[in-house]
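Quick one: the structure is below, and I'll ask about it shortly.
So that you can tell them apart, the chains are marked A, B and C in the order they are listed, and the count of residues begins at 1 in each.
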Amino acid sequence: MINSRRVRRWTSNLMVGVVGFTVIIGILPLFLILGTLLVKGAGSLNLAFFLETPAPVGETGGGVAHAIVGTLLIVAVACLIGLPIGIAAGIHATEFPGTRLSLTTRFLADVMNGTPSIVVGVFAWTWVVVRQGHFSGLAGSVALALLMIPMVMRTTEELILLVPNALREAALALGYPRWRTSLTIVARTALPGLVTGSLLAVARIAGETAPLLFTALGSQFMRTDVTQPMSALPLAVFAYATGPYEEWHRLAWAAALVLILVVFVLSLLTRLATRQRFDSRG
Amino acid sequence: MAVTMVIGNTHELAASLFAPGYTMAAVVANEFTEASTDIHFAALTYVALALFVVTLAVNALARFLVWRVTRRASGTGGGR
Amino acid sequence: MDSPPSPPRVEVRNLTASYNGTPAILDVSLRLQANQVHALIGPSGCGKSTFLRTINRMHELTPGATVQGSVLVDGKDIYSARTNPMQLRRHVGMVFQKPTPFPTMSIFDNVAAGLKVLPRNDRSLAEIVEAALRDAALWDEVKDRLSKSALSLSGGQQQRLCIARTLAPGPTVILLDEPTSALDPTATQRIEELLYGLKTKYTIVIVTHNMQQAARLSDTTSFFYLGELIEHGETKALFTAPHEERTEAYITGKFG
């Protein structure tokens, strides 16, 4: 009997070890990526990198200020388009399930979710760039918004479902119409979660390259007009990384590091926002 | 995009997994801005369409499988 | 003490309420007089909550729920096409089993919540809120912290807050679905005293699975079983000398 106990304990430890090993293998690429970025890119990070636009080809120095500004602008406009639509669709689909509109939006969102980002880019190209006659940051924002909407809609739905039905009933029993219950009671209660979901979606689209390739196109110069082509961090990374100059490759590493940092900071903000919510509830 | 940067962008069907190749997404990503003739554009858009259809089909299949499993579960084991 | 019969505040005629075709209550007829406490008792699943929810038209909000027969409040058929259900619910308020203060709002805003959908009259919001909180026996405890979150209150206080919230729009009928079953005995007692005092101004219909509560609190009691109204009568009479065998069996604890 003692033998079998020893065998069982040994088997258990072995299994724990195997699982732990696979966990390490799973996390390893993340650390490898971060490590490589830090090693190759951190050296190039200085104030100039954040504040200057690229130096002329062949010269050293310069920065990716134009790309940072571009990312901020394009993502901001994408949020303006995508967040209201995604959240509204999510609220509607959960609060009024079974209606034809909500079933259609669910279906469309699922299709959009599965669409490759490059296809979304082609779509934005067809409908915005061709119409406008030129590339623009706005077209990029449209593409990113299209990617954002299903993400935001899904997280919104999950959060709205978490709101206890008792709250809805209490509001309805007071004589609230259903639309008002959804907006003022349900959505307000789910607000912290909606913010979190939005931040997560923003973090994900901030790193998208493919939809921006032939919408925003990219630029070497600082552009703040969203109706014109502009740069963005992922575009800058792609352009520099596939370029012929060593100097560009160095910039690519640094820009990639900056991009990861931006996503990291956004995710951190999301975590902080969630934690504060639990503390203030007492 | 990650694949685009490492796959080698070769318009060739190679026998080996280790030889450079191409993906639909990579083709569109690389050549869209360079396309000059109408037929090039049309071809690239067609590739995008094919990619879309493929992902749609895979998604539909996946959801169908999930639906079948949940239906069986709620039909026999689950329910009130 | 004979007084001329006054029209009932709530009158129910041949009411059948169903979920997806299956009746939860069957052919119920009942008259509830104004300014009294009416208790609805019966074992779990007997339909008393469903019955309650037909009076403020909350029953039909469940998908697949249907209603036949008529319910009249102050003589008016509430299921007629001309009745606006939302307006009805401002006259017939409801308090639920679990206290549900709106978590994102302060105590003041919670009580005022029902007023936001009303056309405002001349009384100021603060006055109405104070009156409602006094009626709910909560004013003294919260008057210094009206802007604090409603979640800072205890369970019993939250339930009284929900009662105040229901009182603020000025209903004539208050429906309560097991309002004290989630509370401790002290909080329960306070709410029972409160409800007893409220009947001078309101008509109270309370569903309870606690027979002692029904006996303490109510003027009339209705016993439901398996969706049917078995017996309805003055509380003291029903509890001491019930007419129906099933009523007696339930009251003496033989089932339920």
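Convention: a contact is a pair of C-beta atoms (placed from the backbone, for glycine too) under 8 Å apart; a residue touches a chain by one contact, two chains touch by 3 or more.
In this text the structure is predicted, and so the values were computed from the model without any measurement.
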Across all chain pairs, which one has the most C-beta contacts? A-C
Taking each chain's centre as the mean of its CA atoms, which one is most distant from chain C? B
Geometric centre: closest chain by C-alpha means: A
Measure off the straight-line distance from the CA centroid of chain A to the CA centroid of chain C, and report it in whole Å. 48
Cα centroid separation between chain B and chain C, in whole Å? 59
If you average the CA atoms of chain A and of chain B, how far apart do the two points sit, in angstrom? 21
Please set out, as single numbers or ranges, the residues of chain A touching at least two other chains. none
Note: chain C residues in touch with at least two other chains are none
For the complex, which residues does chain A have touching chain B? 110-111, 114-116, 118-119, 122, 125-126, 209-210, 213-214, 217, 234, 238, 241-242
What residues on chain C touch chain A, complex-wise? 56, 58, 61, 63, 86-90, 93-94, 96, 98, 100, 102-104, 113-114, 116-118, 149, 151-152, 162, 165-166, 169
The residues of chain A that touch chain C in their complex are 98, 164, 166-167, 169-177, 180, 184-185, 188-189, 191, 281-282
Under the definition above, what is the set of chain B residues touching chain A in their complex? 1, 5, 25, 28-29, 32-33, 44-45, 48, 51-52, 55-56, 58-59, 63
